[in-house]
Structure formats: structure tokens, C-alpha cells
Amino acid sequence: MLDKDGIAKRIAKELKDGYYVNLGIGIPTLVANYIPKGINVVLQSENGLLGMGPFPFEGEEDPDMINAGKQTITTLPGSSIFDSAMSFGMIRSQKIDLTILGAMEVSENGDIANWKIPGKMVKGMGGAMDLVASAKNIIVAMQHINKAGESKLLPKCTLPLTGVNCIRKVVTELAVLDILPEGGFRLIERAPGVSVDFIKQSTAGKLFAEAEVKEMDLN
Amino acid sequence: MINKKVSGAEEAIRDITDGKTIMLGGFGLCGIPENCIAALVKKGVKELTCISNNAGVDNFGIGLLLKTRQVKKMISSYVGENAEFERQLLSGELEVELIPQGTLATRCMAAGYGMPAIFTPAGVGTEVAEGKEIRNFNGKDYLMEYAFEADFALVKAWKGDTAGNLIFRSTSRNFNPVMAMAGKITIAEVEELVEPGELDPDHIHTPGVYVHRIFQGSAYEKRIEQRTVRPRS
Amino acid sequence: MLDKDGIAKRIAKELKDGYYVNLGIGIPTLVANYIPKGINVVLQSENGLLGMGPFPFEGEEDPDMINAGKQTITTLPGSSIFDSAMSFGMIRSQKIDLTILGAMEVSENGDIANWKIPGKMVKGMGGAMDLVASAKNIIVAMQHINKAGESKLLPKCTLPLTGVNCIRKVVTELAVLDILPEGGFRLIERAPGVSVDFIKQSTAGKLFAEAEVKEMDLN
Amino acid sequence: MINKKVSGAEEAIRDITDGKTIMLGGFGLCGIPENCIAALVKKGVKELTCISNNAGVDNFGIGLLLKTRQVKKMISSYVGENAEFERQLLSGELEVELIPQGTLATRCMAAGYGMPAIFTPAGVGTEVAEGKEIRNFNGKDYLMEYAFEADFALVKAWKGDTAGNLIFRSTSRNFNPVMAMAGKITIAEVEELVEPGELDPDHIHTPGVYVHRIFQGSAYEKRIEQRTVRPRS
């Protein structure tokens, strides 16, 4: 079973040299810590920055320089700043190669819900609806099961949707799964020490798995 | 050049009266018009409709206007940082319209660019699409969304000149330029107000034609929401 | 009868303090030379400049600094530069208070033709179609009659249109005329030494004129 | 950062082959990609569709490509400065589509902003509107115009870095930033190519994500079409 950093580490292996990448709040943010050596990626932050750098050193925080998670950050040589309209312009026009974001639920046909729990939680969709509707390549970083052990990979989302039929890959504490064009989760890799059976029983949506599923390589 | 300078926030917001629709620039607490918000609180104007990406935090930004119940309706994309907001919303005291962040930005830009509507894929198939026209281009569905105008746009820039030209600093730019274009009356507060000619024409983010009033603000707090640092190695 | 500078001079009297103004190529460009004292206007050039200044001194021409007529120009303190999309954005959103442009023909219902003579001349519309479709206030600077003495103020344009029902005021070598909302030219002023009768016979479109029409004041 | 640097114009345009659609930045002869045009002439690639506000003059700019008959079709807003162009057009040798300047700029921007179509009042009631969808918003008619994409966009900037970030100078900016956003492959030639970090992030007009190849051009002529001066008084 992976912790949050483990999920981020596994997702980082999906990065390819030359990618422009948008990282959502939460686990996706951690992906930046595990970018493989020799892989050059540029991080976009939808509040208006391309080329997001690391957190500043203590005492060097600049309140005018934050990321979409409102965290103080820095720029890198070659960074550029722009307004919110251009930021989502480059997202909609698919100049961003990969989007990584969190989810409360994902369905077997690639729907995602991550912005609202009716009557309980109303944070808003922020940029998530734009990102999932526009990105050509989206990876979801999420928990496979909730604290009660219930699956969050469902036949159909129960929460208000963020986007429909848009997710292609999910990485959880238990597994890496592709979402098939015809519907259904396909088990690609399992987390170290996690059995295929456990993943099957933790996945409410349709799951396709070979008899042998390789364990993730996190190194 | 045309001189847009006013004495300060109070004069700038003098005709913002009860029931007006105002846009407020900023992302989180970054790049918000602190002086204008303070003047609105002091003036006590009520029943405002506020268009802003976020709703501030409990004790700062638009949160100050929420605490004093001056806001009738919020139009935002993300409001997760404000407990008082959530309380007013869940209790029904506050009307809220949540729209995707890119849609919000682009609808403002559309107003400034004289485009009555735009198409975006954001929200297709979700409750955001309810009642909206859907149109297919090249095999993909898009929502038609209308341009956003506001009675007043309140924006914060780093530098400005008395002709209304604005330059923003770092990610405090965010929604400010697009909202500056969408105000019937746009009020800019700046950290440093200079004479025409002191800003390089090539570096101006918002041309003065979009700005109606400008003043030099003071006492900027620039609160940080998430202070994240790394150790010196 | 006015010369080109006379027309420009008369139009300049329409400028109001605080106006943002777009000047077309030809006679409209000359208006800049006659801005009344105490009147502060900002000239927009649709290739991407607000705050157009005078021509440069000889030897100081900058090929990167031109106006929409491709003339070398200068900036003024407070000028700003932007791209073509923003330039027409501010035109479409009616941030420009007054547009002054030339015409080959204007009709009594406010149509304008100024971009094409089929089979003979094809220069293109440039920014004229955007300007006439967007501006809240348009003044046309044009010749009342052509060299053959034929009127260019017509019941209906014969040339391909640039815009429909958009012109409100016309200044010619003979007269100042408003175009009435219900259609027809209304004679407002006559050029020095030009009779109302001559204007009547030079106007093919419907013309409304009082018995007494005041002469233009060009000072 | 991602290194977009190529050795020069020849390498940059290596895969522009016969029949491609290319956008060329510039207004008149101001801000045109002189080096790329020269390389296209040298390469002799034919049957090009060129999208550019103007068509150059007889012996410069796109005029060079017209003289060698490399252009099948021009899409422009104003072509009045080029006699050879007018000859080819009136004789039917050249296809020409004339569209309003603001429509041209905004259709390019729409591509870069992922908006499949935009609405503009320009051309309503004229031959430009023929066959196009007209839609009324708030009592005013607008044409629906589609986003413009090109196989290649050739733009000229003043400064650029190897990450593809561009800064333009004066009115040579014009169509360059919007075309840079609309190219499937965007090639930027710059007067000065610097390393990442040398350009101020706040001053960048075109973020590097929109640029695929960049090189430092040379021998810029920067011809002036209308040399207008005033006497020293």
C-alpha cells in the first residue's frame, strides 16, 4: 500500500522529457519532488505561471508569487507570467501535455467528481473543470478506498461531476489502472504487497485484470 | 494623455452604491484590491454582487465584506478557504454561483474584447451546463458562455501611471488584467503611481483606455495563505 | 469649398476632451494636426498603439514604430503598445470614443463603402469593417462629389459595403451632414462660399435642409 | 526548461513543404520574419497558403514569395501596397481571401485560447458575411467566425530565450503574439537570443509553451514603407 509520496513517486514515472505539466492541489503537488533525473518538464500553475520552481527559502517568501494552491513558490530561469485568461487559453488549446489532479470519485467510463459534496462541502471547481475538459492526457491521483473501506472507483459517480469521459489513468495507494475506451478499469500494476484480489474487491467499477499483474517499480 | 488620478479609495468608490455588481481582481489573497475593499467596508454599502475567483479568508480580502453581510451574491470558482462563507452559503444567507475558473477569466476577457459570448468545453456534462447551449465543433462539445460585465471592476496593480496604464508583478497579475477590461467603470489601486512616460510602453499589461480611476494605495498587508518554504541546504 | 486640411480642421472641432480616437488613413490622419487647444485626446492606431505621437524628426525614424498607415511615428508619455487582438478588442468593446475614417460612398441610411471597386481595385478592408461595426460614434471624412461632379452621398451605395447603418456624421468639402436615424442626410453646416442649392444638387441621397444653414466656423 | 533553439532559418523551416498553410506575423513590413521568408524563397517550396495581415511590397516581405509564385492563396486584410499582388489577383493566378483585420487577429487568438469560434460584428451586412452564421446578442448582430490554425506560424520577436519566451518591441508586436499561439508548429526568429533567466518573467509577451523552435536571425533590413518625418523646429 502506498502513502501519498508513493503515489506521487509512481506518477512521476509517467513524465516524459519536454512535457508541460499542470499539477493539481494535494498529492499531485508532491509529484514535483520526484521528477526523474534527465527528464526536463515545465510546471504550469493555472493562476498564471509557467516554469514553477521550488518553495522559497525561509525568509524569502514573496506574497506576490504563489501557485494555484496559494503556496509561496519561486520561479526558474525561463519562467513566464501571464494572466488568468491566457493561462486557461493554453490549457484549452492543449499546450499542456499532462494534467495530474486529485479526485473524490472516478467512474469506469472516465467521469470524475472532485468539487462538491451536496449539503456538506462546497469548495468550488476552481480550474478543475477547465483542466479535465481540455487536457489530452490526464492522470488522477486518488485514494482507492475511503476510510470505511468503500471503493471510490465506481461504475458511476455519485457526486456532482467535474468532467465526463475524460480520465485515462488512475494511480491509487493500491494500483495503477487505465480506463478503457469502451469502459472499465484495467489493472496495470499493483502496489508492493497488495494482491490482485484485494484490488478487485476494492474496485466497485468493472475491473479487468490479467492473472499476473506486475508490482510497481518505484525506484 | 487623460488624467485618471483620484485622491484615494474613498473617492474612487464614491458611486458604488447598494446593489451594484463589482468585480474584484486577485487569486486567493494575492493581488487583491485591499484599499478598495477597506473603503467598501467603511462605507457600509450593501447587497453587493461580487465577482471574484475566490472569496477571501475569514478576516481578510472579500471575507471582510462577507463578515459585515455586505454581499448578497458571490460569483466565484473556488471558495474553500473561508469558513464564514461556507456557513452563510449552507444556511442560505448568501447566494453563490460557482463557475469554472477558466470560464470566469474568459468571460471577463470577452467583455473587454467586445465578444458577446465564448465557447468552452469546461463543464460539459456537469451541473454547470444546465440550461446552457451546447454546441459541437470538430467532434467536441462546448458550452456557450456569455461575456461578463460589471458595474465596477476593482483591480490591484504594482505600478501605474496617471493615464491609467498598469503593470502587474509576478502572479499577482492573475485576474486583474481581464477584470480591468470588463468593468463599466474600472478602478485601479497601485503600489506606486507615476507620471506618464515613466513606464515602458512595451511593458504595460493593461492599457490606460481600460482604466477610469487610479490611485496609489497604502499599507498593503499582502497576507500569505500558505506559507511554504524549503530548508536551506 | 474646403481642401483636405479644411475638412480635417472642421472634424477636429468634433473632438471632446478625454476622447480616445481612431484616425483612419488619408484625411482623417490630418485631423491630428488640428486638435483644439485645451482638448486632450488620445489617438489609437489599430496596429497596436494607444497614444500616437507626431512624426519623428528626420534621422529618428524607427522602423519598429509605425501607425496603421505604415507611417513612421513616435510615442508620447503615457503611450502603450499591445497586440492586434487586444487592439481590436478595445475597438469592439467600444473603449474608443470616436472613429474618423474615409469613404468612397455613404448612403442616406448610414451605409458605407470604402474597401473595394469590383474588377478594378482590391486593397482590402483592413480594420475598417471592425471599426465601423463597433464604434459608437463615427465621422466620415470624404469628397462630396467625384471628379465628374457625381455625388458620393447616395440613396444606396453601389460599391461593396464596409458596414451598414453605422455612419452618423459626414464632413465633406461642401458640408457637414448628419445622417438621420429614420434615413436621409440632414444639412448642418455649409462650407464657406458654398450655397445650400449647390449642396442639394451635389447630394443624390435624400437631403433635409432648413432655409438658413450656417456657414462652418473653421477657427 | 525545454530547449527550443535551432541553428537558423533553414533548420527551422526544414519541414515546411509544398501546400502547407503558414501564418506570418507583421503589419506591413514591420515585425515580419525576414529570415524565414528568405529561407522559404531559397528552398523554393510552392503552393503555400499564407495567412498574413498584409502581402508585403513588390520586392520585400511576402512580396518575395509572390514574385517567385510560391503562394497559391493569400488570406489577408489589406494588400494595397503590392502591385504584383494586385496583378496576380486580377488575373486569377492567385486566390485571395480578404477578411477584416480584427477578425483575422481574433481568429488567431481563438486558436491559441482553445476557443473554436468567436463572434464579431465586423462584416455584418457585407459580402464578408456571405454563408456565415449570424447571431443576435443584446440587439446587435454578430458573425460567427472560426478559430484559425496554421501548420506553421512564423513570427519575429525582438528578444527571445531558448525556452521560447518572446518579447516584442514597439509596434512590431502587432500580429506576432496571436499568430505564435495559432501555429501547430511555431517558429520564432529573434534579434537577440538569450539564455533562460535573462528575460524578466513579467515582461514576456509570448510564453515559451507556444513556441516550438527559435533562432537568432541576422541582417534585418527592417524596410520602412512610409518614411514620414517632421521638421526640427
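Order as written gives the chain letters A, B, C and D; numbering starts at 1 within each chain.
By definition in this document, a residue touches a chain if its C-beta (ideal position, glycine included) is under 8 Å from a C-beta of that chain, and two chains touch if they have at least 3 such contacts.
Predicted, not measured: the structure shown is a model, and the values here were computed from it.
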Identify the chains in contact with subunit A as well as subunit D, in label order.
B
Based on the averaged CA atom positions, which chain is farthest from subunit C?
A
Computed distance of Cα centres, subunit C from subunit A, in Å
56
Please tell me the distance, in whole Å, between the geometric centres of subunit A and subunit B computed from their C-alpha atoms.
28
Could you state the distance in Å from the CA-based centre of subunit B to that of subunit C?
37
For subunit C, residues that touch 2 or more chains besides their own
49, 75, 81-82, 85, 88-89, 91-92, 134
Could you tell me which residues belong to subunit B and also touch two or more other chains?
106, 113-115, 120-121, 168-170, 173, 201-202
Among line, ring, star, complete and other, the chain contact graph is other
What are all the touching pairs of chains?
A-B, A-D, B-C, B-D, C-D
Within their complex, state which residues of subunit B touch subunit A.
27-31, 53, 76-81, 86, 89-90, 96, 98-106, 108-109, 120-128, 158, 168-178, 205, 222-232
Subunit A residues touching subunit D in their complex are 18, 20, 40, 42, 44, 49-51, 75-82, 85-86, 88-96, 134
Please name which positions on subunit D make contact with subunit B in the complex.
106, 113-121, 137-138, 140, 142, 146, 167-170, 173, 201-203
Inside the complex, what are the residues of subunit B that reach subunit C?
1-2, 111-115, 161-163, 165, 181, 195-198, 201-202, 204, 207-210
Per the contact definition, I'd like the list of subunit A residues that touch subunit B in the complex.
45-49, 54-73, 75, 81-85, 87-89, 91-92, 111, 115-116, 119, 122-130, 133-134, 160-165
